[in-house]
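So, here's a batch of structures to check.
Shared chain: subunit A. Partners: subunit B in the first complex, subunit C in the second.
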Partner chain A sequence: MKKFALPILALSRLPLFSCTKKEEANEKVLNLVVGSEVKGMDPIYSNDRYSSNETARVYEGLLEYHYLKRPYQLTPNLAEAMPEVSNNGLTYTFKVKKGVKFHDDKAFPGGKGRELVAEDFVYSIKRLADPKLQGLGWWVIDGKLKGLNEWREKNTSAEKVNYDEVVEGVKALDSHTVQFNLTKPFPQFLYSLAMTFTFATAKEVVEHYGNEFLNHPVGTGPFMLPEFKQTNRIEYVVNPNYREKKFPCDASEEFEAIAKEYCGKTLPLVKKIVVNIIKEDQPRWLNFQKGNLDYIGIPKDNFDAAVTPTNELATDLSTKGIDLLIQPSLDVTYTAFNLDLDLLKNKKLRQALSLAYDIDTSNKLFYNNRALPAQSLVPPGIAGYIKGYENPYRGHGKEADIAKAKKLLAEAGYPEGKGLKELTYDCPSSTVSRQIGEYTKQQFAQIGVKLKVVQNTWPELQKKIDKRQVELWGIAWGADYPDAENFLQLLYGPNRAPGANGSGYDNPEFNRLYASAAVMQDTPERTALYEKMVRMAAEEMPWIYGVHRQNYVLKHSWLKNYVITDFEAGSEQYLDVDLAAKKTALEKL
Partner chain B sequence: MSTNAESKSLWRHAFEQLCKDKLALTSLIIVAVYSLVAILVALGVLASDWEQSVGPSYNPPSADHPFGLDIFGMSVWAKTLKGTEVAMSVGLVTSLISITIGVTLGALAGYFGGKIDEAIVWFYTTFTSIPYIMLVVAIAFILGKGLMTVYLALGLTSWVSLCRLIRGEVMRHKDREYVQAAGAIGGGDMRKLFVHILPNVLHIVIINFSLSFQTAIKSEVILSYLGLGVQGRPSWGIMIDDAKLELARGVWWQLAAATLAMLIVVLAFNILGDALRDALDPKLKGK
Partner chain C sequence: MNIYAYILRRLLYVIPVILGVCAIIFLIFNVVAPDPALIILGKHATVEQIVEIREQLGLNRSLWLQYFDIVKSAFTFDFGRSWSTKQEIIQMIKAGAIPSATLSFPAFFVSTVLGISISLLVAFYRGSVFDKITVVGCVTSMSVSSLAYILFGQWFFAYKLGWFEISGYDYGFPYFIPYILLPAIIWVMLSVGPDVRFYRTIMLDEIYQDYIRTARAKGLSERVILFKHVLKNTMIPIITYVVIQIPFLILGALLLESFFSIPGLGSITLNAINSSDFPVIRAMTVLSAVAYIIFSVITDVLYTLVDPRVRLS
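And now, the complex of A and B:
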């Protein structure tokens, strides 16, 4: 569940810097950066982007996202192939790759990493469900696997959690076959197997290190970290026993060149990863400019200096060989209405307010004109987004929009806003959130609707929403996995607050469509249902739709194969460093 | 001695001394101008159109708009004037609240001493240990955020220093001959305290008023900057909060307008406070 405060800009991917020691010119080293301390290296606790990225360098799961395919697509990682799914959609059977070895570690007999088996996945899933450990990713499988909730319940009061008991929901059929049995059809289940929470850990290692396991990551992944310490620099080395994994040969159109050049090369492509922890924007920016970091999200304050108004890179950066990459992120910002209030149940009122709200100026003022105005709730890049669709109630600040808004307002029963009480808009207390509120107030004033802007702390706002003490509020949603279901559930009636459906939209027709689509596999029929819901949500206006934001990343010329992804865990194994190019480029910096 | 005649001549003397001090006089005029602006804005004569967009976003200062325009194309000058209303009203109301509480409790504690004194001293030492930001948050939970919350929170947290001063001063005065004389002719406690002693410590209240006024203005700016202050209308603090992000794109005028407006009035109150102390403190007279 990733809710975001509105002003969190898309600066997530941070750069790195290598320190004083000059690395040997013939060794391929990736220099990365994170903007926050890393909590630790235990998959079941990796619930933020920073620790999950670190964890995924060492650990692996059954599935991963195809590095070069958009829309996002799952592909086998530790699994031999995509699973066999039973006809009723309840049973998923995976063949685990043979010959995969855990990292060498003293927790194993003789210090030699043993082979990965199906039982390791059973253990890891149970560990995520372990009531004593309180894994932070439990919500991913909560209520989804047969018997697992009961197992968790039973062990809550037990003195020692019993891992030996066979749970119907996740079991090993033989040494290399693992089977998941779901309580009800849930096609999005596969996405959870690409999340770090479900990555494979070895029981011996967990038991050997006990509480210290967090600091001793031992996985099957391409890189190793002998010991994790809370320092400003984390150094990973390549796993010499890494299984034969090859660079993919198939790719979406835009990445075909990369696939062609690297097809079939053995992964990982670099020998070492240096991750630097730099919390402040400016040192990060300067380190990138000096070539100490391979890529970096553009700090907001440097945005105008780095990117020209026409979305091109400033010439002083482009002459140094720096590239700019832009990609929409899977999110949507919105102003929600509390539909529990009779006043706001008035659809024409909501449509009028949406028409009065000029999204283009908002985009210019708050997102440097670099976001995509949202027509409905599903962002581009996933099935369900309708290309070219224009929401008829989307305001663009034109006179016609205002006239139409006024007409709708009169039809709603409030000509010129007469008889309508002052509405309240709640927002987090950051500067930009408040300015967005003030902007909304100004927009509504055009049709005679009064608005009061109230600032809250983030927890305060969440509480107000859950307790239904709000009228309008500004908020955003970022995808947990690349499926429109993750967005559409925000309007599903039974999910109403304190669930994710904060506005309390509850339309029987929409609920019916959602309930049938949510259990369908990814098929054209499901996409058709998604699109139907998207159109419905667009016209019903339970929210005033905001924008889909974009990621802006700068990278140096020597970094090869870098592509922006919303699901970056494990992606560094595909990156390469061109040492010759780096040498020449560094001279120019 | 007649307190009446004495205090009149003190005030007249003080006023004459103030008029001789050019700097203090200027400060007094500045404060008067700010007050006038605040009243005119409150009456809707000035800056009533602050919410209008009058040009493009972030237009720099020009002849029409001496302080430029903000993100929504609103005139920064009009917002500054509107902010003056907030600042002056916060200064006035919080000072009045703090004087009422401070003087009453201080006088009672100083005059009666004993258990009453102990209770009041205990109360204010405890009370003063609550940071005012916490109190704002607490009051905001009850009243909701807004001007009233700011008034109350700042007023309720700023009376302690005045209370201490008044308590000490009343203690010094209560055994003086003029108080004993008042008692001898049959004056009760309340009469002695409020009719005889209080006028003699009033100068402290005046000086404190001008100083707490400017502290309140500064506190309001900080609260609004943090998003805890006034809501939905301009304040200097909110303008500075806006400027935090604008500076990176070279928009300095909003910061300049808000800080300049605040600087001038706070400085004027400080100078005035010092000049008042010089003029009103009998011990400094003639030096």
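And now, the complex of A and C:
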């Protein structure tokens, strides 16, 4: 036996085959992972996170999210500066940066990428509206730009879509000025210009490649991909003609150290990006541990091995130089009340039920204690979230909470629950949703309130909400863009079901504040209005607030500047790799 | 009958079979497939968009014309574009066929040769301890879930010992070899058990035939009996078993490809099923049906080569 042991041990330290293509040790390469197939590289079809992230490595838009500022803030990208906005809030005029070149490609004369002009944005927006192409991001501009819906309708039946026709809503004033004319004030319109759907494409490239355009990405971005193939790996190389773009020097407090170290450095910081498509959790986890990937979201089955109950990184991982990053997602889970019912219009009843519901145990049971209990509807990370604010009607399972809940229930007219009919809780049909329903039932029982849990398919639940056939129901909302307006609209009276306001909350004061804030630009005054509404929503309890879920990410120490963001598109240009640290760390792995 | 005439006649039989297969595919997918508009347009679909997309996809045309499209695609291999990725399906299949083939064919070849060799050995030593151990080993290996082989193999041999790549694939020789080694070994481990049991059974069936007793009576050595007579006579079931598996190799190995991130046809099929990508599922179904028919013709022709008693008629 001993005879075999030595050779086997010696073998075990060596890979059996060494003909794999390995990266150069002195080249800065980002090794990323995605857990799903990437559909293609056409901006107008990049409607999922994976395609959108890939598209944004090659293409760029007028605006982007500031990498180091929280709450999220828009900043110019291909625009020279933030737009000039007319007094009536309807016209946005952008100056496009001069000297920006598209990637070199055979679609251009002589194979040299030409300069980006304002007309490219006009073309790209029209392409998104093209009825023949059915761009998946049409909803972001649908009904918002003057004359664009009419243009779309007119071209639906036309043999060939007429891109030459001038549309009032989006036009080039000169070679480097593009103007957007809105049908009504909508400051959130700017967020659509940071979405990949509206990124700049060149007409001649689209026409050159025709149907195969989605496999030939040619943008102005920091990285290039000569041809997209649906395979297990996508390799981007740095764009040698990328414009002079510098690392930002300003940052929110928590990211100041990064800004200080990298301020003014030329972007991008790495030479190459390798995106590995690994769908299964185990190979993703093992590849990360081997150092083949720079960072990953923790797979659910490995969560307990990676994170301690006190939310710290497991020692065996921290000794390998792995870091844990945690950040709340821009979302909120909640139990809504149907406020059309006289019974549930009783505010004290709603407050009593909220106090009876122990959010901390719920967090432990259903989110591994990883989520953040919500105090109101706006999640942290966006203007309108009030740091340190505690909802007075938020239950934590304490005796005092139950006593207060009982008192409020008595004041509501139902002492010990007497006289109150059995309430119904509707939820989707998943196991966890049903468990949350059962938990809610048990929590309400503490103050004598009876609850019946009813499971539905998702369409059934939606239908019931629209037809007002619900009393209480469990649901969640994720942000489309980082603006509290996207959450506050869920309680805006005129949005009542079948609109987004399923609970039917209709408070004239709240509606007035919302209507004022909705047409305001991002200013401290608007934030003050948002905060007022957030406090009002917390006090009024149209929902029992649940949690804001959190992102847990592990990264290797050699990866520099990585921060979790809800809007990842384009963020890899700010990432750096410390090659010396990587060499040392890899020896430990 | 001339062999060419026979092949031609069998290939002509293929036409009604393909028409039938297309009819079944058409019926199944027209009954169970979700509305393509929702798959293509996503959650923000408007009524106008749905109408337009149905028009573009030709879903408003008569059912006969839609059926004819499927039949046409079976002969021209023009399957259109994927609803989900908008890629040309034939290109997706071409791109996926190479990784699938580089994994499945060597693994299949090794497992078949190994299976037949082990079976010959156990047939030779039938009833011995070696035979019993082999049978128990086969049954044991078949009782373990394929997922267990994959998870353990990947964790232990690739991660812990570092002998193989954990996952991935590189196009071109010899770059793909390190990536397909571990999945190919797992494939062989998974296949050898059932293969040996099957081959052993048919060989033992043959060994107890009268003509073998005659051969022994004539004084032929056990080796000659086994290799010259038994093996030759078991070729028909072996060929049937082997050749009929080949079309399914084209489909790739769903689990292995998924866990080892091999961008083969198995992955494409799995993605298509997960996203209800009907044109891709349809293409893969049509292709496997056509491949199955072609390989059954090949099987028939091979019968005549290995067994002169089989006549083409």
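One rule holds in what follows: the second predicted complex is superposed on the first by the 539 of 589 C-alpha atoms of A that agree within 3 Å, B and C clash if a C-alpha of one lies under 4 Å from a C-alpha of the other, contacts with A are read in each partner's own complex, and residues count from 1 in each chain.
Following the convention adopted for this analysis, a residue touches a chain if its C-beta (ideal position, glycine included) is under 8 Å from a C-beta of that chain, and two chains touch if they have at least 3 such contacts.
It should be emphasised that the depicted structure is a prediction, and the values quoted were computed from it without experimental measurement.
Asks: Which partner does A:D304 contact after superposing on A: first (subunit B), second (subunit C), both, neither?
Replies: In the superposition, A:D304 touches subunit B alone.
Asks: For A:N47, decide between first (touching subunit B), second (touching subunit C), both and neither.
Replies: second
Asks: Of the partners subunit B and subunit C, which touch A:Q289 in the superposed model: first, second, both, neither?
Replies: In the superposition, A:Q289 touches subunit C alone.
Asks: Based on the superposed arrangement, let me know which partner A:A194 touches: subunit B (first), subunit C (second), both, or neither?
Replies: neither
Asks: So, A:Q455: does it touch subunit B (first), subunit C (second), both, or neither?
Replies: Only subunit B is touched by A:Q455; subunit C is not.
Asks: For A:R434, using the defined touch cut-off, is the partner it touches subunit B, subunit C, both, or neither? Pick first, second, both or neither.
Replies: First partner only.
Asks: Look at the residues of subunit A and decide whether subunit B or subunit C touches more of them.
Replies: So, of the two partners, C touches more residues of subunit A.
Asks: Based on the superposed arrangement, let me know which partner A:M541 touches: subunit B (first), subunit C (second), both, or neither?
Replies: Once the two structures are laid over each other on A, A:M541 reaches no partner at all.
Asks: Following superposition on chain A, which residues of subunit A contact subunit B and also contact subunit C?
Replies: none
Asks: Within their complex, state which residues of subunit B touch subunit A.
Replies: Going by the criterion above, the answer is residues 51, 53, 57, 71-72, 144-145, 226-228, 231-232, 238, 241-242, 244-245, 248-249.
Asks: Could you pull out which subunit C residues touch subunit A in their complex?
Replies: 40-42, 44, 46, 48-49, 52-53, 56, 81, 84-88, 92, 95, 151, 154-155, 158-159, 161-171, 174-175, 177-179, 181, 258-263, 267, 271
Asks: Which residues of subunit A touch subunit B in the complex?
Replies: 300-302, 304, 364-365, 429-432, 434-435, 438-439, 441-442, 445, 452-455
Asks: Can you list the subunit A residues touching subunit C in their complex?
Replies: Interface residues on the subunit A side: 11-21, 37, 39-40, 42, 45, 47, 131-132, 134, 136, 138-139, 142, 156, 211-212, 214-215, 229-233, 276-280, 282-283, 286-287, 289-290, 292.
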